[in-house]
Structure formats: C-alpha cells, structure tokens
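What follows is one structure encoded as structure tokens, with my remarks underneath.
Just so it is clear, A, B, C and D label the chains in written order, and each chain counts residues from 1 on its own.
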Amino acid sequence: MSSAIYGDKRVDNLKIAYIGGGSRGWAWGLMSDLAAAGDLSGCVDLYDIDFEAAKANEVIGNKFNDLPEAVGKWTYTAKRTIGEALTGADFVIISILPGTFDEMESDVHHPEKYGIYQPVGDSTGPGGIIRALRTIPMFREIARAVRDYCPKAYVINYTNPMTLAVAALYKEFPEIRAFGCCHEVFGTKYLITRMLKEHRGLTVQREELVSNVIGVNHFTWLTDLTLHGEDLFPFYAEAIEKQEAKLNEELALVDNNWVKIAGSTHDRVKYDLFKRYGVMAAAGDRHLAEFCEGSWYLESPEMVQKWGYSLTTVKWRKEDLEKRLARSARLQSGEEAVKISNTGEEGVKQMRALLGLCDLVTNVNLPNVGQIPNLPMGAVVETNATFTAGGVRPVMAGPVPPQILNLIARISAEQQMVLEGAFEHDLDKVFAAFCNDPLVRLPLAEARKMFDEMIENTKGYLTEYFE
Amino acid sequence: MSSAIYGDKRVDNLKIAYIGGGSRGWAWGLMSDLAAAGDLSGCVDLYDIDFEAAKANEVIGNKFNDLPEAVGKWTYTAKRTIGEALTGADFVIISILPGTFDEMESDVHHPEKYGIYQPVGDSTGPGGIIRALRTIPMFREIARAVRDYCPKAYVINYTNPMTLAVAALYKEFPEIRAFGCCHEVFGTKYLITRMLKEHRGLTVQREELVSNVIGVNHFTWLTDLTLHGEDLFPFYAEAIEKQEAKLNEELALVDNNWVKIAGSTHDRVKYDLFKRYGVMAAAGDRHLAEFCEGSWYLESPEMVQKWGYSLTTVKWRKEDLEKRLARSARLQSGEEAVKISNTGEEGVKQMRALLGLCDLVTNVNLPNVGQIPNLPMGAVVETNATFTAGGVRPVMAGPVPPQILNLIARISAEQQMVLEGAFEHDLDKVFAAFCNDPLVRLPLAEARKMFDEMIENTKGYLTEYFE
Amino acid sequence: MSSAIYGDKRVDNLKIAYIGGGSRGWAWGLMSDLAAAGDLSGCVDLYDIDFEAAKANEVIGNKFNDLPEAVGKWTYTAKRTIGEALTGADFVIISILPGTFDEMESDVHHPEKYGIYQPVGDSTGPGGIIRALRTIPMFREIARAVRDYCPKAYVINYTNPMTLAVAALYKEFPEIRAFGCCHEVFGTKYLITRMLKEHRGLTVQREELVSNVIGVNHFTWLTDLTLHGEDLFPFYAEAIEKQEAKLNEELALVDNNWVKIAGSTHDRVKYDLFKRYGVMAAAGDRHLAEFCEGSWYLESPEMVQKWGYSLTTVKWRKEDLEKRLARSARLQSGEEAVKISNTGEEGVKQMRALLGLCDLVTNVNLPNVGQIPNLPMGAVVETNATFTAGGVRPVMAGPVPPQILNLIARISAEQQMVLEGAFEHDLDKVFAAFCNDPLVRLPLAEARKMFDEMIENTKGYLTEYFE
Amino acid sequence: MSSAIYGDKRVDNLKIAYIGGGSRGWAWGLMSDLAAAGDLSGCVDLYDIDFEAAKANEVIGNKFNDLPEAVGKWTYTAKRTIGEALTGADFVIISILPGTFDEMESDVHHPEKYGIYQPVGDSTGPGGIIRALRTIPMFREIARAVRDYCPKAYVINYTNPMTLAVAALYKEFPEIRAFGCCHEVFGTKYLITRMLKEHRGLTVQREELVSNVIGVNHFTWLTDLTLHGEDLFPFYAEAIEKQEAKLNEELALVDNNWVKIAGSTHDRVKYDLFKRYGVMAAAGDRHLAEFCEGSWYLESPEMVQKWGYSLTTVKWRKEDLEKRLARSARLQSGEEAVKISNTGEEGVKQMRALLGLCDLVTNVNLPNVGQIPNLPMGAVVETNATFTAGGVRPVMAGPVPPQILNLIARISAEQQMVLEGAFEHDLDKVFAAFCNDPLVRLPLAEARKMFDEMIENTKGYLTEYFE
C-alpha cells in the first residue's frame, strides 16, 4: 500500500525501491535528479545481491541531503532482502548487471573466434542472446517479488537486454506496471540540434524536436522529425552530405587515420541507414550496426574502422568499473563531494508525470498492444507513450514503414523465440533464433558449436536450464 | 503554403479558415478564446453559404481587437468563395448546419409517428442517419477544397453527425489532417468534480481527472478514472447511490413532478449504464439514450421523463436561433459589447499544441488506426490523442471492454454502412443500416416506409442521390 | 494410443466413445450410419450418467450386426466410468442433455412471465444463457477427461448450446481436437432444392449446392450460393416472392388460420432476413428468430403465428421423450426391429475423411483462428472446413458482410462474456451479457429479477457457482 | 458470358484462353491433360505476342483429337489479339516469358560479377526483382484485358515470379478470380514417397500424404505431414540422417566428386533447413537456397557444389529452348506423333473442381485474406485452398511458425515493396527492397551500381519506368 501524501502540487512520503546499482553510475545520477526535484520527497530503499554495494550507495545517497541546493529530500537505506526493499514501494528501479564482466567477456569476444564482431554485445547478436539467458531468470524472480510485495508499483528498467528484460517481467506477471527507459533516441536528437546550430545557426532544445518513434530498443527509428511544423528530413539529408564531406576532408589531412579524429563514433552508420531507407535510425552507431546484416558494417575490425565507430572491449569495461569503484570510495569517505548535475535522464520526470505533477510524452519500451500494428502483439517495442496520473499508455506509432519492416520484424521474432525458449528451458528453441541472427552467418554445425561453447563459458549463471 | 512566423514561444501571422458559423454560437466562443491567447496572432477568413452571416461575424470578430484585455490580435474577413478562405490556411474550422431546421424537424419528429423518440436526433438513430445523408456530400466537397487549397492544414470539425462528418473527410481525401472535437466528455468530468466537492469536500479541476476514453462520439466511455493515482470507480458507484437517493427524496417532495426539480438532465441514464456494465458512459444522457436499445430509455415520452431527461424539440431550436440572431444584430451594432470569457472549449489550446507552444493530451475523433484494436480499422472513433508540433496521434485506448463491445460495435458498423451507402449513392445499403438501428425496431415494411418518407421530406438536400 | 489398423482403403479396430445418448435419437442414427459404412469397423463404448440408458443402447447397438445389410460391424459396450469409455478412443461423440427437462422448462417458459418468448431456448436468449451455465462445467469435465485418457482423439459435439459447449472444451484443454456439428445449414439447402424443383423443374442434390458459410451456430448465413457456377441469389429472391404469394393464397382459403396449413414452419423469417440484408440466413426460423431483436419476430405468440412458425413447448419435449423411451424398450426387446436408414447426418462421413478414406468440405463449429477475420479470435464460429487425414482446418470464410456484422458480433460478444463468467464463477459478468441479449429488453432491475429467478429455478445444477 | 453447357457429370462447350506458350513445354502438357479428361470439351484460343508460336501450338493441339485415347475433344485456334482470345473465356491460362533469355542472362549472371550467385534467378534475389520489373507491367495489361473481356473467368498463372505476377493481377483488377499454380510442393511429397519406399517398404501415393502448406511460392513450408494419421516428421528426421550417411559413402567412393553421383540435386538444403527449424521446406533446393541468407548456401560455386545442387545457366536454357523448338517443328510436321501422358500437373483437375465435377484441396498462390494471420493482408501467399463450384477459397494455414517467420516475412515485405515501386514507377522504392535482399549483401553504393547496371541491361523492357 502506498504511503504517498498528495499535497498542493507536490507529493511526499514516497517510496522508491532501487534494485541493483552495484555498478554505481545510474544510482548516482538518480540521486542527483531526485535531490533536484523540489516537489517530491520520501525514501529510497536499496537492494543489491552485493549488500556492501548497496550500503555504499546508502552512504553516498544520504550525503545529498546536506547540499544546500538539494530541494528534494530523500532517505537512503540499504536492505538485506528484496522483500524489504519492495514493500510499500511506489516505484521500483531496476539497474542490474546480469552476471559479471567475465560472462560478458565470453558474450562479446568468444564469437570473434568465428569472425563475428560485436561493438556492444549486450542487446542482440550472439552476445545479447546469451546475456538474455542469464537475465530472464533474474527478471522473472523480480517480477514475482513485485507481484508479492508491491503489485501496483511502477517498475522502471534500465538493464540490458532491455527488450527481453521488460518482456520477461510481463510474461511472468502480466499485470505488472513496468516500462523500460533508454536515452539513445535523445542522442540522435542532440545530433540534430548540433546540425541545426552548425548549418543554420539555430539554437534548439532537444525537446523542441518532435518525432514519432518506432522499433525495438537500440534499433529504434524516427519516421518523422518536426521543428516548428517543418519536416526536417530534407534538412537531415543535406546535413548528412555536408558531414560526410567534412569528415572526408579531415581524414585526408590525417592520412586517413581515424584515430586522429576526435570522437569514438561519427554517425556514419546512421547516415547510411537513412540513405538506404529514408527514415532515421535513432540509436548510437555501435548499437545500430549489431542489428543489421553482418556484412554491412561488421565484417571485420577494418570495416568497423572504415565506418568510423569502434568495438567496445570488455577489458575497457573492467577498467572503467575500477574507476567507478574508486570514485565510490572517495564519495563515501567524503574525499570527493557529491554534487547535483543535470543527467539528461528522464526517470524523475517520468515519476512526476505518473504522480500527476506534469504531463509527459516520451519514448519507452512496452509490450505491443497495437501501437505498432504490424509487429506481433505482446512483443516489447519502443514507441512514444503518454505519462499521466492514469499510468503509461503507448501512443499509436502506426505500422513500421515497409522498407524497414523486415529489419525490425526479424529481430522481434528472434527475441520472442529467445523469450519462449528461456521460459520453457528449451535451449534448442533458443538456438533456432541464435543461428538465424543477422550477425551469426555460419553453417549450422559451426553455429551450434559456438552456441554450446558460449553456454559452457557462462554456465555458472545458467544452472536452471539444466535442472 | 503557411505564412506563419515562429518567434520566441509565440507564432504570428497565422491563418485560420472558418467554414460555417451562421448559427453564431461556436464562432463567438472561438473569437473570445483567440483574443485571450497571448502567444498567437493572425487572420481569420470566414466562409458561409450565407455570405451575410459571414459578414456579420467579420464585424463582430474585429471588435474583439478593441478590448484592452485582448492579448491575441486577429483580423476577420468574410470571403465569397471557399477557395479564398482556405488558401494558405494553417487551420480550418468547420461548424456548419447541414440543411436547415426544417430538415431537422423531419429528422427528429417524423419518427414519432412510428413511436420512435429522439432527444437530439443529430448523431444516430433515424434522424442522425438522414442528417448524415445531407452532411456527407457537403464534407466531401470541403475535403476536396482542402486538398486543393491547403492540403497540409489542420482541419477541426465541430459539426454533427461528428463521426460520419470526419469519416467523410478522410474517405474523400485520405491525407487530410482532420479531427473532430466534442466537449461531452468534459461534462462527465465536471459531474465528477461536483460529486467530489459534495461527498468529499474536495476542490478538483477537470484536468486533474485522468481517464482512458473509448467509443464513438456521443457514445464515449471511460474505462478508468484516476485522481492522484486513486481509482475513482468505487467512489462513483457510491456517489451514484447517494445521488439517486437524494433525487428520489426531492421527487417525493414535489409529488413526483420532475418539472419542478431544477435541471434538464439528472444523469440517471449514465448511472444505469454504469450499473449495467461497470464502466462510465461519458456523454450527456440525451445522447447516450439514443445509442441504446430503444426499449431501455426511449420507449415513450413518459419513460424519458421517468429517466429524468428531456426531448429537445426543433421548435425550441428555432426559437433559440432567433435569439442568437437578435444578439448578433446587437453585437454588430455595438448595442451589446463583445467580451472575453472562458468557453471551456479546447480548440485554441489544440492549435497552440499543434504549433509546439504546449503539450496536450485530450480526446478527439479520428480514424481507427489501431487505437481501439477490436473496432474496425478506419472507422472514426473517439479516444485520447497527443497534440504536438508533429501533429495529432491517438493514444492506445486498448480494446473496448467485452460487456460494452457490442453496443459500440453495432453503432460503428451502422455508421460504416451509411458512409459507404452515401459515397456509393446506394440508399438500399443505407437502409440496411437504418432498419438495424437500435431505435428503429419496426417490421421491415414499416421501417422502409418511414425511411422513404424521411428521404422525401428532406429531398431538397439529397439531389445527388437521385442523379 | 489408437489401436486402429489401416488397410487397403479401410480402417479397422477403431474405437469410438459415445458420451450421453440417454435421449436416444442421436445414438440410434449413428448406429445406423456406422452399420452402413463398409470401410470401417471397431467398437463403441457408451457412457451416460444414467448407466441403464447406456446399457439399453448397448443392447440395441449390437442388434445392428445381425442385419444382413450391415456392412460395418461394431461392438457396443456400456461403461461405468468415463475413463473406461475414453481410453484408447479415436473418436469421442458428445450428445448430452445438460440437466433435465425440468430445468429446460424454466429456461424456456419462465421468461414468458416477462413477455419474452423463445421458440427453442437452448442456444441463446435467456434460456440459452442459463442452459450454458449448466453445460459449461460438464464440458470442462469432459475436456479434462479427454486430456487425461485420449488427448489425440477427435471430439465431435452435438450438444446445445453448441457454441459455448465447444468453446468450453477448447478453453479447458486448448489442444483438444474438437468440433461441433449441426444439420441446420443442410435444411436450408434442402429448401433450395425444393424451390429448384418447383420453379425450374430441376432435380438437384444438396451436395451440388455450394456456399460459403459464416456466423455462429443456429445463426449461420450463406454469403453466396452456387449451382454449376450460377449465382442462385437472384433465383432465391424471385422464389421468395412466389412462396409468399402462394402462402397468402393458401391462408386466404383457410380463413387466415395457420394451423390449417401443413408444416410447422414456413421460412418467412428466413425470407424477411434475406430481404433485409441480401444474404441468406441458414437455420430454421425457430432458431433464427431467437438471435434477432425481440421486437422483430418474437414480440408475442400472435406475432410468432403471423410469421408462420411456432414455439416449441417443453411439455411437448417431455411427451416426445416418453415416446422415444417406449421405442427404446421395443427395440431392446426385439418387439421392433432395428433398421438401417440414411440419416442425412455427416458424422460418419467426417470420421471417414479424418481417417483418410475420402475428402470432405463441410460446415462445422470451431474456434476462430482467422477464418472470420472480423469476429474475435478464439470465439467459436461456424464456417466450412476441410476434413482430411491431417485433421480439420477451417476454410477462410472471409469477413462477415457489414450489414449483418453487428447482428452476429453482438451474439458472439455475449457468448464470450457468458463463457468467461462461467469459468470465473462470476455471475455478475454473466448478467452483463444477459441484460444485453436481443430478447431481454427489460429495465435493469427487472432483468436482474428474472435472471435471479432462473438461477434459483435451476440451482441444483449450478452448485459450483456458489462454492 | 460463358457458353458452357452443364450435362450429367460433364461440362461441354467450354472456352479456355491460353496466353503465352511460346516456350512450348506447358502448352503441350495441358493439351495432353485436356485430351485425357473425358468429362470436358470445348475450345482453346491461343494468344502469344509471337503469333507464329501460337499458330504452331494450334496445329499441334488439334492433332490430339485424332488420337483414339483422346476422350476430351478440344478445338485449338491461334488468335491475333488478346481480346479475341479472352472473349467468352471460362478459364485463362498464363504462361509467358517476361522478356527473352537475353534479359534473363543479365538477371542471373550479372550479379556474379559482384560475387552473387543465383541457381534460378527468376523468383527472388536480384534477378527475380529485375525480372519482376518486366513482368508486372505485362500482368497489369493482362488484368485489364480480363476485366474488359472476361471478368468472371478463372485465371491460372504459371509464370514466374509467381508471387508478384499474381499480386499484379489483383492490384490492377481486385475482382479478378486468379490464382497461381506451382508443382514444387508435389516434388517434396514425391521425395517422401521415395523415402517411405526405401526405409519402410511402403508404396504410397503423393495424394495420401496430407500436409499444411505455408509460405510464399518457391519458399513454401509444410508445418505438418501426415500419413494415415501418423505424424511423419520423426520419420523424416531419421530418413534425413540415413540419406546423408548414404550420400557421404557414395561421395567417398568417387573421391568426393559430386558430378559422378547421379542427380542434379540431393535435397541437402531441404535437410539443413529441417534441422535448423523443425519444419519442412517444400521446394527444390535451387529455389530454397535463393531465399535464404546468402552466406548459408550461395557464398560461392564451390559452396553450391558442397551442398549438392547446381546453378542453372541461361546458356543451358537457351540450348534447351532450341531443342523444344526443334521438337515443335517435328510435332507440327507429324515427324513426331503427339501423345497423351500424365503430366502430374493439376491444372485440369482444378478446372474440373471449379466446374463442380470433383472436390479438390491443393496448394495455390492467392492474396492473403487471413489464411496466414501473421503475414500482411493482401500479400500473395501459398497455402492450401478448396476448389469447388463456388470458386477457390484458401484454407486457414494458421500463423507461420515463429522460427521461420522472419525468413518468410522479410521476403514478403520485399515483394510488397517491389510491387508498389513497380506500380508507382518508383525505382528508388524498388531499390530499397533490392539492397535489403538476403542475397544482396553489398555496401550501399555497390548495390546501387549493380542495380543500375541490371536496369540498363534490360531497359528495352522497362520503358514505362522512364516515361
């Protein structure tokens, strides 16, 4: 039962349960956004399988209240059980790492032995599928806990593979009020604001760019893009040509050496997809490339370089985690001060809208109840949705344009099969999806061999499939 | 081509075309709302088949600019052709009377000879169907004019029969950016705010009540109703009992004489429907009754009285029009001063949202592209929609609840057949719908006789069906 | 496990389980048809809650083998448990009476107190709904038994309410291979053959008349009717006029006294529906009338007489049963000899087709998997289907024509709600359907009173709803 | 108007129009099948853009009447205009070559310059798409001629690309009674009969094998396969292993030299697809390979050989045509006698069923009206259908199994885009499909270059796209 107290344009005594957060980044951003929200207050209960990680965040979170600019006051408490954390929650936030970076190392790098490269490897492709096998059982467990402890709470997921994580929540507990959030679409809009600045001298806020969002997470598309009633697609088409020309000039100056040009991605995959299909792909190039036919952007590391983006190694991730853990220690000890900064994330704004404090239309991941009529009902898709005191309702995105329908539909079908296979503990069904993935272009026997090896590498987190 | 000029949080140099308005009421309200909107300005071109009526509105409209509180400045001009009015329009407003009140007299009162009573007779039932036969050709003509003169304009319809008027626009010109607006749902929300005041002592704004809207115009339903996250259905169920009890007391005091109790409607039809189905009907009782099985609320004038509402006569409408014409003369001459008052209508707010000046989620009439998956695609339905600079997009309303599905689906099917019959000039197809209407419970031969008579009575506006 | 032995164009050692049959008629017809089928043999196990009834049929069934013309040999055995009857069955036939004729008396005649008349009262209307409440739990039990004892068997249902009986089987055990059979469509085709004989002098077999069947059981429609490639609808339209003229002449001769004209039905409801909609209703008038708006054909007994059909009383049914029981005794004792006669039923032909011995396309009741795209998925509908060794597959019937869509869709929605209410033991949900039925045109309070009384009258068979 | 005369189990005075047939093969088979059908007679009017080719077939066709075993008598006449050929036709057969083998040479072999190999190149892939661009305008013209001269005739297409040819007929003239026929599924059933003979010693007719057919032409799948009620999938799985083992033995004997093993295809692609997905692909390997991801079976000529099938060259086709032309000359002169032989085709059986002389359930290509609910409505698909005097109606095939849905859906989407692009003369839309084809795995610029070259190579037949 919620203990929230509705006042005059504010809500107090809220309870948020935060599941995960050992990796630190997301948790700190949320703490900052909550401290900056003057019309909310309450408590945040932290739960992580590593209790010490939750405890660290408790210490850090409570420091925010001391900041003079912290207009939102929140009490952070680490809890030893998920039930304690969830009981009475109005909102549940999930941000976990399914397994460790050792498992992720197999996900991302083992396929390289077969000539298969993955710039991220957490959402799709062989790595994303194997990661999903670890993730789905965890999310089933969370769904059951939500059902038992806080069935009316809104559940916000940030974990990848986003689509299958959200799908698992709904399949396990169909009445759950869950949705999945991702900032990739914002990134594309920021790109457009930079282009408008550069080519037209206009200063435009991301929120002024209005678009219809369609697709699955990390493979989302904008079927239109409007500024003040103007269709920006012609502008984008022209801007692409200019960006490419400029890039080629810069490359010539540095002897065609990408490393010498700033930036880890140059949006060339996005541009190529726009030229192919006339609609805007709206995620980072590293993500987009993974969902396409492997021969287009991921045939080899050289091809990746030619497209101007990069393959994120798990080694880098491990090092990056070390840095965050060090920072965590500094924040706990007070060596480094906590501070409020705008994260650009919408989580807190979503909560405010769900509490009736503002209106919001933004893109989220939800089961398809018809918002995309030509994708299967029930599949988790990403579209715009309205956030109101009545809940989250998808806006009709309409059918996927025909020229990109099969790109998305095949991914959606693959995800559906992985979901079913995982729920039924039927690894053969999972493999039927796996061998059909756009990146896994192997003869059947080789595909099976790779699959079995990747399962073997990560079997510590897959015990329930073998019971 | 739009000549709008986007400034800093304002848009100037807009052009609105207003079609119709001879009946005055809507036009004056719009003038008031435009004058009150400080972030818009431009011109309104008025077109009516009665040029003098448009001219009268030109005079009145321009008077608003002289009011000191008129922060929005608009130039009103009567135009002799629809083409002049539409050229360059950003918005087109349609508010016409299809035919005259003489035709409406046949629509509403002729069926009484057969024992069929209609409290309104402009949306459904025998009267609504015959009125649709006059309306559809007019809207086809408007749609073609929009296509030729301002294909990108937003077209806002206020004319009844709403559903078939909007449907005709889309069937004639599928790319039209039209939608239909109706304030009936607001009325139901005001009822709830009054109940909350009375039974809980709460002061709540209509906009704070959040609901999912589903159905067809004037037969709309709320599948939920939320205040601060609270489901208000239990409250409504209790409030109904109290209202009924109070009403019965009052009736006892005046010897069961309804006339002596204030108010022309007492929401008893709405209450009965809630008790039958557990979802809220959200239109006035006079409208709701017409869409239901005739034996429920409309068997006889006595039954109408028993349910506490009334049959609006066309005689009353004619008298009312006289009053408005007299007021028009006074406003033109300056005998009566124009003044700005809040109409409660959302037309101007919708324009502002479509221009990117605010966000808006509200209920409108649009073709079904999947927002109600269990009504036919393409049928015009009423649901919530988002209004943004990218246009109007329906929010997923979800399926009509099973217990009321057939109530709505049969009306929707009837409307579809009337639309097709009207486009094909096939009156037999129209009759197949007509004889099936919930109010027309006649043997086949009698139904045909009544139909033929009603056609004959209004044939002056039906010439194209006999060419 | 089936013990069937496939030979050269024959199958032996089959096992049929026959559930019910106490009412005798169906069982004897099947015995005759089995004896006449030279390419099948095996055993029939009989199960009835009245063991003596099954035993009587055992005696009678085995007598068929002694007939010299009995080319199909079958061993009949009464079984004490349903499990014994079902184990190893290739086919299961269900023909039960849900409750007794005392319950049916309430179903059919109690509503007459409220001015509601039902010519049959076993499929729809208040009687059909209450009967469904008794039937559904019985069919759930049968479905579970099929699942446990013979999950691969084909299950053929003849029990009313057909639609809800079949729906209950599938809802309880989704993998069941069940379908429902009804001869009403054949009756309409025989009518056409008689018309062709009379008006054209043609002798035509029922099977030569090809049509597309659409609708729900007992409210089925033919959207076309073809003889040798000729569209017979124009012929039917003309023949109707002649039939009506002749009937009026005959009536004049006997002083407008229907009773003096032979035949208990004269197809005038069917003709009226054709004139209304231009498609052929294809069931007996007594059934059709029950599915339509009550004011059309069932306002009063006088109206029934005017339409030339009759209200079957339960008194008549009771007397008729007595006659059949008497005949059962004579058949058992040998006083009357069993004999083979063509029943016109298709049950045995269907079995032969499912065994691969012939091809068959005929109309049956099955869950909608898309054969009627504009009725809800999962609802049991009646259309043509192919019968092959691969099973029963519906033929695409296409969408219900718009002019009759709401007639059928409202019934289908009503049935769906009754099904759900019965499974959930939620009588309020059942009542929401009940008060919406085309025959129940009562104020809400009266409808509830009648509903409660009918429940009370038959509560002996409704105990599970009150547990 | 049909001049057909219906007799006692026979139909005379029929008229068949045969469009095309210059390539001879199909026409002669039809002549033979017609001569062998004792319950039909009439005339066949032949139309070909090469009048001499039609004339040659006239001479040959009329010779069949002299054969003593020719129980069906038909008069063949070459016509100079399509209008003469179609007027009064009961059936229209289309079997044309869209363009010449010179265009086909570009279709099939030009992509080889880009490393793209096509074993057939007439249905899908780059060759199939370019061929479709030639074919669609021709079929639009035929559709208009059918509409004008024989709108009620049944139109049977044998031309490739089958799917798009049939789709073009329906898009141009939606009321057309057309369907497309292909014998590939029969081939797979013959394979099973051979396996049953070899591994079980059973002699089974193709017609005894019952299956549900689903997919698009040349990429059809059987979701089940039944013999006498037995599910044959386990048998097929085992038989595959034995076939593969035997094949490997044979290969070892001939030093791994495929050429030395008899047969141009060894069904290994079919087996691999069954192992991947658990449902049976049911077309020849040469066809199946073209619809799959290019890296699976078509990476190189060596890979083709490894899979045991072959690339049909257009050179071979040209030589083969020469042989048929020589045979045509011999048949005309009488040097070689015509003779009746069973072709195994079902065209004449289909005609007989449509005339009411027999029942038939077989697989054909028709627009999707719901027979495959998870493929787009309107797309031409291949499923079973019933053939009766009432016409052709698809049998519900049900949804495509999830594991192969994306394989088929992406092809279906590609075909839909090619169709739209061709109708709109929008080659960019066609290219958006082209660059997305599973065989065209090229960078965008290269794909465009190949596309433009293939257009240029065949532009003589593409003039209407450049008007």
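Heads up, the rule we're going with is that a residue touches a chain if its C-beta (ideal position, glycine included) is under 8 Å from a C-beta of that chain, and two chains touch if they have at least 3 such contacts.
Predicted model only: the values in this text are computed from it and were never measured.
Shared contact partners of chain B and chain C, listed by label: none present.
Averaging Cα atoms per chain gives one point for each, and the point farthest from that of chain A is the centre of C.
The centroid of the Cα atoms in chain A and the matching centroid in chain D are 46 Å apart.
For the pair chain B and chain D, the distance between mean C-alpha positions equals 55 Å. Among the residues of chain A, none is found touching two or more other chains.
Every pair of chains meeting the contact definition is listed here: A-B, A-D, B-C, C-D. Chain A makes touch with chain D in their complex at residues 272, 275-278, 293, 295-296, 374, 376, 402-403, 405-407, 409-410, 413-414, 416-417, 420, 429, 432-433, 435-436, 441-444.
By the touch rule above, chain A contacts chain B in their complex via residues 2, 4, 6, 208, 210-212, 224, 226-229, 354-356, 359-361, 369-371, 373, 384, 386, 388-391, 393-398.
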